[in-house]
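Structures follow.
Two complexes come next, and they have one chain in common, chain A, joined by chain B in the first and chain C in the second.
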Partner chain A sequence: MTEVTTARSALRTRPGRAGDLDPVDSTTLDGRTRDALAELLLTMADDEFVVGFWDSEWTGIAPALEQDVAFSSLAQDEIGHARVFYELLSRLAGGDADTIAFGRQPQGYRHARLLDHPRTDWAFSVARRYLYDTADAVRLEALAGGSFMPLANLVAKIRREETYHLAHLDAWVGRLAGGGEQPRSRLEGALERLWTDALTVFTPLTGDAESVLVEAGILGEPLALLAERWLKLTRGRFDALGLHVPIELGVPRADGRSGHGADFEWLWNEFTSVYRLEPGATW
Partner chain B sequence: MTEPAAEGRVETVGRLGDGADPDVWEVFREEKEGDPMRHAGNLRAPDAELAMHYAREFYSRRQESVRLWVVRRSDVHDLSDPDLLQPPLDRTFKKPGGYVMRDKLEQARRRAGEVDDR
Partner chain C sequence: MVTAASPVQRKGASVWDALQDVKDPEIPALSVVELGVVRSVDVTTDRVHVELLPTFLGCPALEMMRDAIRERLAGFAPEVHVEISYAEPWTSDRITDDGRRKLRESGFAPPMAGGGVAALPIALVPAAPCPFCGSRRTLLENAFGPTQCRAIHYCTDCRQPFEQFKAV
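Then we have the complex of A and B:
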């Protein structure tokens, strides 16, 4: 991924694309901060990108027409968020957003292992998306009001949309929890399978990247503290719904964003299939 | 799925995708600030919360609305009784077309001194 971390003209603008971004002046950041921010952005972009593609697997087969349209639209929203994160990353550290998004081998992606599971059944997708969206909300909160304005302003916009995503998923978790024996047991089974991987959203960044970002005022708190806050939130919700989830939390593992398995490789084959026909082509 | 109704949840919770029939909700939208609310269409949802989410995705996911009203169809007071709306009697006297106005209008204008004698 050298093309991602190589510093290049960061003032480049692309009229008509990624209009959600403020002008980016990476010279306001020192090299360490810029590299740390680039790493964080890549993890967030990959998270949104991969969850968007997994959830788009429901297009055409969701439990009802309305849910089909809604879930597909939510999936598109996430890919939209990934797009601006990749774009911000490219302006900060060089490279081209499309190349970063589609041009890596599967093991080069830095998304959380929570997002390595396939679509499975509806309860599983709801559970996974709920765990991801709640974790993402905590992470976005820690980035809102940060000192790097292009990111802080972007996060403010994204949070307004994510609030509705979360409300949508929360409604579904409530429905499945209160919808009878089968929906409830499927939801509990999915949460049990996913629970240990949910923490991977808070996988520590490499080296001292987190403390660099915290010192620079870009990230409010280290990811391990965010993980604790997230745990309180989700545990409270599950308790209120009477859901039995085997919650045992440790410190997020260092390898939570690597070692993607065969399911992700299948998805990667799908979402890069057009790109790989002619990399660099203009569509 | 054929979960027994004996659990008593089916009626209160509603279902999607298992053969039950969720409520129909009518959606009205305001395209831009100040426009009248116009009927946009309808959708099925098991409760108001999901109905609102679906309405957002159906009628503003491309930002084409500034306001939506979502109304459960069964909450709408329906008036379609033909005896009230289409009574079988001649009502043309209630329409302007039921009168020949030209002569009366001319006389009125003359009285008001508005007519020039070209």
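Then we have the complex of A and C:
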């Protein structure tokens, strides 16, 4: 196991955390690249974290037992993905994963506005999750095989898990679309309402962060191009299902990951309630 | 040709043996070795280093497995180090033949070969064989089961619900 031995980095000896995690050799990144990657990681971690908590809202009250189990499992997967992103971020930018995840004020979160909506009804949750999962899949595809191995490795693992999410949500969109007047109109209404917010998953990073990541070989293409690809894919799927969703080719707005409203503040109050009892407590 | 094993090699082999005692907390019939989550064991005179691959990233059993491995290996070296590694994705193809047999004996269908099968549309995924009667006339009831790594199926022949270890 010589290759294992030589891959060890100085971060392995980080006090108190040794042995918990894979080491990250961030010495291969220059400062600009590290900052750009940290920004991207925070947006992805917050997306997964927040969608996971909204999913968990269905635990115990989904319309069928099987869906209760499925949405709870989706929630667990997403929070698991958020955890590894926060951990990688903490190794790049300092800090502690739990503190980043739970220790910020609501307006400090950088998730897409698509994820500010409450769960609402079943069709709405399915529609939002479908839009998010398909957008996330396009983003993950652009990160697969990237040059920064600690991220590329996580992405390879996450994409295997997400295959199940995509298949599940695609089946549900198909089921609601073909399920008669009421499910169909609820789905169309939800898609129409969420449509423009869905583009916020592709909100541009600040400054030249995206071109820095593309140049470094970490991100395949800028987010605006990913948005176009995603629009094409989803429009094709909606057409195939005969869904009437007014889709216009928009451009992701610059403020798509800020200005979170009262619904997110409510969720934040819920998911930080235990943490805030005693920040830094050891479990 | 048989050559005498060095003390360190012998210790390495006995570490792998000891890891057979550490079970998957969610399916205790399987050891962590049979589950394929042990990527490597690196033994020196004063240190044992184990790389552990998560089955699913949100798996709550991961820390339990890590702690159980540390505890089981405590007598082997002054320093026992269990590293959670993402260096390669764990896939269900890493479950050993013994592991697959033990899954069947515990009422689980083993995952189908080729973890990449999960990329097929659900309708094209081959039916899981029933672990009770062997029938292939089974239905996928829910791709999401009681834990992240398990899916729920139903056998239309012996009319038993059963679980399958997911192919990932």
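The working rule: the second predicted complex is superposed on the first by the 262 of 283 C-alpha atoms of A that agree within 3 Å, B and C clash if a C-alpha of one lies under 4 Å from a C-alpha of the other, contacts with A are read in each partner's own complex, and residues count from 1 in each chain.
Everything below uses one rule, namely that a contact is a pair of C-beta atoms (placed from the backbone, for glycine too) under 8 Å apart; a residue touches a chain by one contact, two chains touch by 3 or more.
Quick caveat, the model's predicted, so the values are computed rather than measured.
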Worksheet item: In the superposed arrangement, which partner chain does A:G180 touch: chain B (first), chain C (second), both, or neither?
Response: first
Worksheet item: So, does A:H81 touch the first partner chain B, the second partner chain C, both, or neither?
Response: second
Worksheet entry | Touched partner set for A:A45, first chain B, second chain C, both or neither | neither
Worksheet item: So, A:T163: does it touch chain B (first), chain C (second), both, or neither?
Response: second
Practice prompt. Between chain B and chain C, point out the one touching more chain A residues.
Written response: C
Discussion item. Applying the document's definition of touch, where does A:V212 land relative to chain B and chain C: first, second, both, or neither?
Written reply: neither
Worksheet item: Which holds for A:V69: it touches chain B only (first), chain C only (second), both, or neither?
Response: both
Discussion item. Quick check on the superposed pair: does A:A171 touch chain B, chain C, both, or neither? Answer first, second, both or neither.
Written reply: both
Discussion item. Just to be sure I follow: which residues of chain A are touched by chain B in one complex and then by chain C in the other one?
Written reply: 66, 69-70, 73-74, 164, 167-168, 171
Worksheet item: Can you list the chain A residues touching chain B in their complex?
Response: 63-67, 69-70, 73-74, 122, 164, 167-168, 171, 175, 178-182
Worksheet item: Which bits of chain B are touching chain A when the two form their complex?
Response: 1, 3, 7, 9-10, 13, 15-17, 22, 43-46, 49-50, 53-54, 56-58, 61
Worksheet item: Of all residues in chain A, which touch chain C in the complex?
Response: 1, 4-5, 7, 18-23, 66, 69-70, 72-74, 76-81, 83-84, 150, 153-154, 156-158, 160-161, 163-164, 167-168, 171
Worksheet, complete the sentence: Per the touch rule, the chain C residues reaching chain A in their complex are 40-42, 49, 51, 54, 56-60, 70, 81-91, 115, 118-119, 121-122, 141-146, 148, 152, 166, 168
